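Paired with chain B in one complex and with chain C in the other, chain A is shared by the two complexes that follow.
Take a look at the complex of A and B:
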């Protein structure tokens, strides 16, 4: 027996009328719009092949990020279908695929890195001083996270090399 | 070729390169009614069947109606990579404008020559 493997698409929902507006999207809306797009592009065959595995695993309403799952044998059909999405719920929207991963964990890792890289861009978009302060704080905290992370890895490497040195002598 | 014995022999040609096209001989039958299709409508029906089963991507394959005889038999030409898809779509097609209909695939071949004669539809004058 072999495990059924999947591919996870990390995508951001882009609304042409600006992303600052709060919108009420449900993961079901995303699912149905992807399914519609799949049906339009690949017909009954595409639906039949992917319906069992197509699923929205994660939806962040604030950052408009989604993770969509598809069977690995036919993930290219799903990948193409994602680009053909034109409407989500009642909003005009399209999906920008950022990352394709084999696990949700890999997608989450990428998402964190992606957000960290895009914080400076957010800073540029700020209008008020309060927002600017907020973003600055977040930037700082993410840097602190990175510092502790690099420190930890350094320590780990050092201890590893020490152990190696001991075993050599 | 030289010599008397080889003078009337046939030249056998074997083509081992991949077949660029496949040819399908088919006819569209409506339930209860005879065959009344023109080539334009037939092409439309074929495109519709492809879109239904394989979507817009599947329907982007080129299908040519080479010939439509008066008896309703149509000769289709399709690139060999989409041949199976077209055959499948024709088989699964069942309704056009609410009318139940069916594609009967008579013969299928990778070369046009072999479609020129079919033993199944061979009408022997002495037998009939």
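Take a look at the complex of A and C:
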């Protein structure tokens, strides 16, 4: 089949001077810094090989999460290039790869799980009561989502077993 | 490995060509000198000058070159080649004209998808060149490429631009990878497209470069030797049209092929043979 297969890297941009500052980073900045790193490490061959497939698919300025795409055959080159990134835009930063997935959806699923796990940590970092309340609300809503999610799956399983039971009798 | 060929020497200056030949004879057995045709149009409107297609001229080898060839006991065959830039799909009748057919090899460089489709499906050419130095403006589609391979056409990757400039190198690798992934490495030739003697490279290095372009190791070796030969055979077949037998005048036989004449029976013996055939065979009596 003529299906172009890619790998999607979910990476967190880590700024050494703390996380709270408001930064204006664009997906273009990330793209060019990855390309520069690729050129520095693998030269013209590295760029030639990933020229058509290297792309920044998702960037969240506030959570500093980025999804970068590369072709499956050469994704190791791209991953190595990600580790060599030193600067994004004007800011010093580096990329910490969290997950490599075959589809964007897989990366997004991981991202949701990752955020859910790290919300309680955020709660500890809060300074004011207002912030704490906000985070608590977020936590609760995510738990509610989890409850409804688990309830839905329970219902589905019950209905499936009923149907299976009917077919047997 | 078999004999190597460089099927695209882009320069047209005699002096440069002599240098190129002197450099190339060490490793290559066939060299094709290219004439690039930018326009396939016929007579222009309002009495514009028609694009004159110059006749292919053989390159005069210098004495030094001849000496080198003698020392090594090798022969180098010169092949004339024409590359036509294919923009407009309606003006292709010139390709069948005798001036164009006088060239040994015919190549076509399509610039858009319609031209590429035409080249793969209908045109009678030997090589399809794609401009690798810039991002391809169209996607290379698998059914068209398969059809071209079935018809015996080959796709060419030029490496001299990659040697010259960094951006060209990136684009060449990128486009070559796209091409080889679609055609699965079949029917690909690697040739220089050189404008100076310094841009030439040896065939073993080229077969290594093929690995960068996405070819596998045996495919890459074929790209410099076997596939080039296949192109030349295809060109010969195209010149002979659809025939099974080719006729060559005995006076025009090369000295290497003269033995064919010597081994045949002399003409005086022929009438006797016809008489023998005319007489009916003697019947055997009953024993």
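Definition applied: the second predicted complex is superposed on the first by the 168 of 169 C-alpha atoms of A that agree within 3 Å, B and C clash if a C-alpha of one lies under 4 Å from a C-alpha of the other, contacts with A are read in each partner's own complex, and residues count from 1 in each chain.
One rule holds for everything that comes next: a contact is a pair of C-beta atoms (placed from the backbone, for glycine too) under 8 Å apart; a residue touches a chain by one contact, two chains touch by 3 or more.
Computed from a prediction, not measured in an experiment: that's the story for all the values here.
Q: After the superposition on A, what does A:51 contact: first (chain B), second (chain C), both or neither?
A: The answer is second: A:51 touches chain C but not chain B.
Q: Which holds for A:42: it touches chain B only (first), chain C only (second), both, or neither?
A: Once the two structures are laid over each other on A, A:42 reaches chain B alone.
Q: Does the superposition put A:121 against chain B (first), chain C (second), both, or neither?
A: It touches nothing on chain B or chain C.
Q: Counting contacts the way the document defines them, which residues of chain A are shared by the two interfaces, the one with chain B and the one with chain C?
A: Residues common to the chain A contacts of chain C and of chain B are 44-45, listed in rising order.
Q: Write out the stretch or stretches of chain C touching chain A in their complex.
A: By the definition above, chain C touches chain A via 142, 166, 169-174, 177-178, 212.
Q: Which part of chain B faces chain A closely enough to touch in the complex?
A: Residues of chain B touching chain A: 51-58, 92.
Q: Quick one: which bits of chain A touch chain B in the complex? Just the residue numbers, please.
A: 39-46, 80
Q: Provide the residue numbers of chain A that touch chain C in the complex, in ascending order.
A: The contact residues of chain A facing chain C are 2, 44-45, 47-49, 51-52.
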